[in-house]
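Here the chain labels run A, B, C and D in written order, and each chain numbers its own residues starting at 1.
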Amino acid sequence: MIRVTIWNENWHERHDEHIRAVYPDGIHGQLAAVLGSEADFAIHTATLDEPEHGLTEAVLAETDVLIWWAHVKHAEVSDKVARRVQEHVLRGMGLIVLHSGHMSKPFLRLMGTSGTLSWRDGDRERVWTVLPTHPIAQGLPPYFELEVEEMYGEPFDIPQPDELVFISWFSGGEVFRSGCCWQRGYGRVFYFAPGHEEFPTYYNEHVGTVIRNAVRWAQPVLRRGDFACPNVTESPESRCSGRS
Amino acid sequence: MIRVTIWNENWHERHDEHIRAVYPDGIHGQLAAVLGSEADFAIHTATLDEPEHGLTEAVLAETDVLIWWAHVKHAEVSDKVARRVQEHVLRGMGLIVLHSGHMSKPFLRLMGTSGTLSWRDGDRERVWTVLPTHPIAQGLPPYFELEVEEMYGEPFDIPQPDELVFISWFSGGEVFRSGCCWQRGYGRVFYFAPGHEEFPTYYNEHVGTVIRNAVRWAQPVLRRGDFACPNVTESPESRCSGRS
Amino acid sequence: MIRVTIWNENWHERHDEHIRAVYPDGIHGQLAAVLGSEADFAIHTATLDEPEHGLTEAVLAETDVLIWWAHVKHAEVSDKVARRVQEHVLRGMGLIVLHSGHMSKPFLRLMGTSGTLSWRDGDRERVWTVLPTHPIAQGLPPYFELEVEEMYGEPFDIPQPDELVFISWFSGGEVFRSGCCWQRGYGRVFYFAPGHEEFPTYYNEHVGTVIRNAVRWAQPVLRRGDFACPNVTESPESRCSGRS
Amino acid sequence: MIRVTIWNENWHERHDEHIRAVYPDGIHGQLAAVLGSEADFAIHTATLDEPEHGLTEAVLAETDVLIWWAHVKHAEVSDKVARRVQEHVLRGMGLIVLHSGHMSKPFLRLMGTSGTLSWRDGDRERVWTVLPTHPIAQGLPPYFELEVEEMYGEPFDIPQPDELVFISWFSGGEVFRSGCCWQRGYGRVFYFAPGHEEFPTYYNEHVGTVIRNAVRWAQPVLRRGDFACPNVTESPESRCSGRS
């Protein structure tokens, strides 16, 4: 089983009826539905208002891949929990950061950059695959369209991705690196741009394929324990010197 | 002029006569001497005990390249100053992190990883250039030797370097990625491993060449102002639509 | 001086009056005009029909940066000259490949991939900078527009660029990695997509800035001699063993 | 099943009794034995002297991963077959290049560089993992030793690897990027340095683990057909314009 925790700040859905109309079960609820088709995914959800935002040591220790959606409440995520998420990624947990999560504490801690970009209200987005063999791009057409999505545009202040999988086109004239992969410590991080709360993006079949693929891609290969710097008192050569 | 600020925690030199004997003017003093040969370098030094560790907004605003040496006092660097250094790098300031600075707050904030590695007391190190055309490698032989240096060994928990310039060999049997480059925001970061306080590494002519080259490589191309996410209310297409 | 050789297959201009009307002095002639503003550029041109296509050992040995424009005559470039160009790049010569040069023999020999992409007749192109600090992007606005340009679209079969500088937007709905950098051996390679022969692209001020910047970026740091694999009969350790 | 073709120039084993004593069934025979433990590998071997070197269109069309060992007969591999191997890699076939294959025609065609390095007769090699989470590094200790192996040293003229997995240490004082990954077209390429014909390297358990892991890593995700540049006569926008 791949143990997935879906985290959502869960604010818009509770305070704006127009958003609630789009995501009556919350964005985390719809993301859970998107993943629900996979028999080998064990899905858990957590939200900002829970104690420790629902991301205790115990929860993260049992999480293989964490999905992060947030927009207006980044500052309310405690530094302690943000650091805990970062450390679990460095130990091997996968992290999928969606849409406005580009300004979330865990993402910025892992990237080291400002995460800034330009944006504009609803536009038509076309997501192009530029790395067709990447596991996250499997099962997709050469491009797919989102009738209405928030425009996120370059320059996007991120470290150069280890792998650039998607580039988005917007009818208003912008481009964006909308699907980016990084290795950080023992963990994998995937940023995917689509997913503004006003629009039914997470009902799109291709977006669902991307997120399901990303969960499989981001699952841990190894988990790491502490972050010590070991003092190697006995050198490899001293250990093998008898032989040479 | 390239305005260089050399920062040193300046602890060992003041509290251990053996270290003071190696660096009577402090490691920052010797680094200043190493850079002193360059007529177009304006050199400034700062240390941990100064107010704001000598790294005020005013000082960093006037710094093109910051050199960082620290070892046992990482925790005493305030988060406020560490964040300020990170932000100035993202705005364009170059950063050269030396030796045990791999565990310093500014470096870890910019990398997002744990910075951990393995280490062992004095060994002989041989620094090999693997990217001979890199600006930081100019004027060096194919390799150079440090009679006695602290062993730093793999695995080194860093994001994959944008450019890997040096790999070190140790007589005890280890290897290490000892010269690594990254772009972060508008700034460039270079990590260089040699430089344990007990040894006269910063008197080595080739080490001096590396550091002088790194200062030139890391100087800003552009400086950035704020870190806002601009709302593009008028799309490029709406602006040019009259023409097509 | 930076010694620049501009190479053009020079076919369309001589056989199609419409193209000749756009580039009466040939595309190479207009590229020479674009570079002519730089007092420290020594500009030479060469074309397909010259002996050895004007790219003799002597010419390449005196060339710091080679600019390549070709479209319908790739197959007429001799393998011998294509290999010679590749070898000079590996020795340190810079190479700037323009537009349909993505299918030229020298580019494909250096990339190792098929260079294929999708294309469509005249469209409006908007070139976005995604790496604002890159030397090739200096002096440009956040984006610039080409009223009419041939659409080149993803997927583009190239090795992942060492640095991705530009991404293009097309009004018809495509995106393209239109400015890509690679290091190959001792040489630097830059591919820049705009420049279809039917359109006045090389009269555009921003395109001129890109090409002038690229020449400066691609100039050699070092030149390499032969491509031997030296047999190191005396190891570094045997040389220094007296000391340890 | 993963269909693996092991290719060997098969010269030393037939013309030098000392090599035959090390590899009585040929290096390809021992590599087949190394892979034989995997129930889901279908193993085929081919050698230089066969018609078309045993690498016909039919054989490559049925090959998921090709392993290449060669040393003194690179020039005898026909350009036609070398190009065929390159094209199958670009279509999706995995390629594992061993030891002196760094100068083989298929590897150089895919890299675009000279492949040159420095070398020295038998030395002790220690292979360090620098990317512990990479699939090719699974099941290995932090490092493993080869009592006697040919020294391959930097600088190694290759494009910067997409992923650097192993760095080797040699008792004589050199280092080498001994495990490197690249994506080329739809195919994956892995270069692994150990494997000089005079030494029993391919009997080493850890070397066997690396090669088995590499076969799994390099298997195709997708296979590509032709290498055309499609003319997109109908733009995505014209196709969707009815909707917006």
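To be clear about the criterion, a residue touches a chain if its C-beta (ideal position, glycine included) is under 8 Å from a C-beta of that chain, and two chains touch if they have at least 3 such contacts.
The model shown is predicted, which means the values in this text are computed figures rather than measured ones.
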Most distant chain from chain A by Cα centroid: C
Copies chain A and chain D touch via same or different residues, half shared test: same
Distance from chain D to chain A - Cα centre to Cα centre, in angstrom: 33
Mean-CA-position distance for chain B and chain A (Å): 30
Contacts with 2+ other chains: residues of chain B: 126, 131-132, 143, 153, 160, 162, 170-171, 173-174, 183, 236-237, 240
Touching residues (chain side chain C, partner chain D) in the complex: 86, 90, 103, 109-114, 116-120, 123, 151, 153, 157, 159-160, 162, 170-174, 182-185, 227-233, 235-238, 240
Residues of chain B that touch chain D when the two form their complex: 126, 128-132, 142-143, 153-156, 160, 163-164, 167-170, 173-175, 177
Residue ranges of chain B in contact with chain C within the complex: 92, 124, 126, 131-135, 138, 143, 145, 147, 162, 171, 183, 186, 221-222, 236-237, 240, 243-244
